[in-house]
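You will see subunit A twice below: alongside subunit B first, and alongside subunit C after that.
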Partner chain A sequence: MKLYIQATGNISPQNTLGQPTLPANLSEYNTNRLYSIEPDYSKLIDVKLIRRMSRIIKMGVAAALQCLQEAGVENPDAIITGTAYGCLEDTGVFLQKMVQNKEEMLTPTAFIQSTHNTIGAQIALLLKCHGYNNTFVHRGFSFESALLDAIMLLEEKTVSNVLIGGVDEITDFSFGITSRFGLFKKNINSNLNLFDTPSKGTIAGEGAAFFLLNNHPSQKDYALLDGVSTFYKPIDLEETEHHIQSFLSEQSISMNDIDLVLCGRNGDSIGDKVYDDLNERLFEQSLITNYKHLCGDYPTSTAFALWLAAGIIKSGSVPEALMKAPKNDIKRILIYNHYQKIHHSLMLVSTC
Partner chain B sequence: MSENVYIAGIGVISAIGSNIAETLQALENHRAGMGAITTLDTIHRERLPVAEVKFNNEILAKLTGLPATVSRTALLSMMAAQEAWEDAGVNELTGLRTGFISANTVGGMDKTEDFFSGFLENPQNGGRLRDVVHHECGSVTELVADRLGIKHLVTTVSTACSSSANSIFFGARLIKHNKLDVVIAGGADAITKFTINGFNTLQILDEQPCTPFDEHRKGLNLGEGAGYIVLVSEKLAKKLPKDCYCRLSGYSNANDAHHQTASSPDGKGSYLAMKNALKQTGLQPSDIDYINLHGTGTANNDISEGIAIQRLFDPHYPKMSSTKSFTGHTLGASGGIEAVFAALAIKHGIIYPNLRLTTKMEALPFTPEKFFLKNQQVRHVLSNSFGFGGNCSSLIFSTA
Partner chain C sequence: MDKLMADLKKQIISQLNLQHITPEQIGNDQPLFVEGLGLDSIDALELIVLLQQQYNIKINNAEEGPKVFSSVRSMAEYITANQPA
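Our next item is the complex of A and B:
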């Protein structure tokens, strides 16, 4: 069955909301923490509701509503969300008050908005959408699991479209804690030069990217979503290559049929060795580019990658901002990412 | 795609027992698990009863082989997943595509709480990093998947109190789509200060053992535990040395879309979940022999669920009960634990009592069962799990 990416909505550290592809002017950061560029939410969400929403809920709901608006769909048949960390801001607020007030004088607001399904729930509530509603929370597989669920639902033909997204936020608490694990680079002159001088660590990112998947074509479609696959803790490069090759053979194609490989390289010299090795072997003949210098690294960054790939397929060319010598005629893109060498995933998109 | 999915193994741990045998005995003897809080240092200790698993983390660590320093949720998860896996006897067969689909609501929050007081005092060095490294929901799942040696497909669902009902039917669909041969599916949650205080601010915790579906019900008791079932394809079920417990014959997920935490007065979401699950099985409401109610004991849930049941089942009501009157509300584990109860009800022909029920709800025309019943014909069981965010899921289990 063919599955169409009919519309997208993406809030990220770049100016992406309402854009079909990467803008010519990239946003540059000289810190190791990239912030999403938040839109004027009042254009998408009722002002009274905005005040009660934390940042991740606003980002998720706005990206979802923008996507539906672009599709011209009022109410989707299903809503599926992937988020590794969930609503960190509300979780942090409740936790901090609980510790500091020694469990006294707590209010419910932060608690009830801290559950991981809040984004999907708030979208359903706003739309009065009674359909299938699910949330996956598995680290670097959160978005991919949501996508797998969406593909199966569409194949089961119990629904004809699915609103699906990947969302994660950074908060001061979460950035402080993850920094202590040594995940991020110390000195950054520009995110856009992330890959120039390999060193330990990456840059932190966040974002919310939503898609409307449909099992019928429309005039607006970006691309076909041909498949998604995850593999967990591969032992070595051979196992990784084996997974990539079986994924391609399931689609009855080989690396020769891939016009562009979009990789999850993040600037960390240890993790990036996986991409270096593949570039010398399986990807040797392929055109390769990366995306994490644009959005930073976070567990659901593959949602940003899917947005980027869908836009490239729709326009047929790689944006100049991404590749200095622009390439045209891009008909099929393989997205390969690994998150901390634990969660490896593949997505395949092609022209309709 | 049309293939049946069978339940080949079950495993459970909760306040009423650390395995299937102990649990069955407690159910038969009307022995509930509520008591004073012992594992957490909280100001609510004297006031709020909870349904705690009786083992401390050191004992759970010894029984599971996991370090005692990891989240209690991982330890509970491992206990039940291990029992289910051994019960299924599938591990003797090699070359199978095996998945672990788990669920929980707050990941390693019990340890994050320990970390946080030190962290707030000194963000640069305070708190031990080992206490926060498994904060993510998915990290808790991976501790167990790694210990079980499962890696083909590992993921985690979190839809509040319906989490593990959703992980179970996601697992079944992965088998139907021929992506996996075997799935261990369910969920786990330990009691944390975060959840106790959260539910306490909502003023929906009963200061006595809870009384679900009673006219004078006052709220829920939090519980903890884990429940997993081993789902197998029809092809694999035929190769296994022993009979399967039952089939997962129907499932559905709908959203109430009424309020972030409250259920709608007409139970729209729960009605849709039950109705669509029935539709999938091709059964009539009168074919259902037993409903394992979501039945938290809050004023709001029980009337909303009750009205949805009335809309769907009137005038032929099956036997019903809320086993949360035994286990408390185990949040992300409840769908898994209650799936195990459904499998046992079918296998042994038993119906569980709804404990401490004294006054029938005036607004509803039915009364849940008050006694443990043996020698019943139990062919089809409906199991309800509803959660915050309007997430409503229903599962139907049928004789193999």
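Our next item is the complex of A and C:
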């Protein structure tokens, strides 16, 4: 069965909301935290509802609404979200109040909004959507798990369209804690030069990317989603190569049929060795580019990658901002990402 | 009473994050729930906590709630009548 990416909505550290593809002028940061460029939410969401929404909820809801608006769909058949950390800001507020108030006089809002499925729930409440609603929380596989669920629903034909998104946020709490593990670089001149001088650590990112998947064509589709696959902690490069080749074989194609490989390289010399090794072997003859210098690294960054790939397929060319020598006639893209060398995922998109 | 009502309006806006209105836009006798400010049951819980935190007043009888929180004036009257010595 063919699965069509009918519409997208993406809030990210780049100016992507309402854009079908990467804008020509990239946003440059000289910090190790890439925060999303947020729109005036009052233009997208009822102000009475905004007051209870934390940043991640506003990002998710606005990206979802933008996606539906572009599709011309008022109410999707199902809503599926993927998030690794969920509504961290409200979780932090709630836990802090528990400590400060000695577990008394706790206000309900932060607690209610702190659960991982709040974004999906808020979208459904806003749309009065009583259809299937699920949230997947599987660290670096969160968005991919949501995608797999959407694919199964569409293939079972229990629904004809699914609103699906990947959302995660940076908070001071989370950044402080993850920094202790040495995950992030100390000095950043520019996110756009992330890959120029390999060193330990990466840059933190965040974002909300939503898609309307449909099992029927709509004449304005971005791309086909041909497949999604995940694999956990491969022992060595051979196992990684084997997974990639098996994934392509399942689609009855080989690396020769891939016009572009979109990699999750993040500037960390240890993690990027996986991509370096693949570039010398399996991807040797392929056109390769990266995306995490644009959005930073976070567990659901592959939602940003899918948005980028869908836009490239729709336009048929790699944006100049991404690749100095523009390449046209891009018909099939392989997205390969690993999150901290633990969660590896593959996505294949192609022209309709 | 006027000072208390003015304080309450600011505290309600802050506690409920009512970014789209100012204290001047809340009438002393304007209903807080449904047709007035449009508050709901979650807000009611926030207001109960507000009374506890700011005025050290607990509403022990749940049936009193609708009357106490019907307007800013009714809240101020309840606080004045039940302020701990």
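Keep this in mind: the second predicted complex is superposed on the first by the 352 of 352 C-alpha atoms of A that agree within 3 Å, B and C clash if a C-alpha of one lies under 4 Å from a C-alpha of the other, contacts with A are read in each partner's own complex, and residues count from 1 in each chain.
Methods note: contacts are C-beta pairs under 8 Å (C-beta built on N, C-alpha and C of every residue); 3 or more make two chains touch, one makes a residue touch a chain.
Fair warning: this is a prediction, and the values are worked out from it, not measured in the lab.
Contacts of A:96 after superposition: subunit B is touched, whereas subunit C is not reached. Of the two partner chains placed by the overlay, only subunit C lies in contact with A:50; subunit B stays clear of it.
In the superposition on chain A, contact is made by A:111 with subunit B only, not with subunit C.
In the superposed pair of complexes, A:121 makes contact with subunit B only, with no contact to subunit C. In the superposed model, A:265 lies in contact with neither subunit B nor subunit C. Once the two structures are superposed, subunit B and subunit C can be ranked by residues of subunit A touched, with B on top. Touch criterion not met for A:33: it reaches neither subunit B nor subunit C. Comparing which residues of subunit A touch subunit B with which touch subunit C, the overlap comprises 106-108, 112.
Here subunit A touches subunit B in the complex through residues 79, 84-86, 94-96, 98-100, 102-104, 106-108, 111-118, 120-122, 124-125, 127-139, 141-142, 145, 148-149, 152, 155-156, 173, 176-177, 180-181, 230-233, 342, going by the rule given at the top. Residues of subunit B touching subunit A in their complex: 1, 42-44, 105, 107, 112-113, 116-117, 119-120, 123-124, 129, 132-133, 136-139, 141-142, 145-146, 151-160, 166, 170, 173-174, 177, 179, 193-194, 197-198, 200-202, 253-261, 268-269, 272, 387-391.
By the touch criterion stated above, subunit A contacts subunit C in their complex at residues 42, 47-48, 50-52, 105-109, 112.
On subunit C, the positions that touch subunit A within their shared complex are 15-20, 38, 42, 45-46, 49, 52-53.
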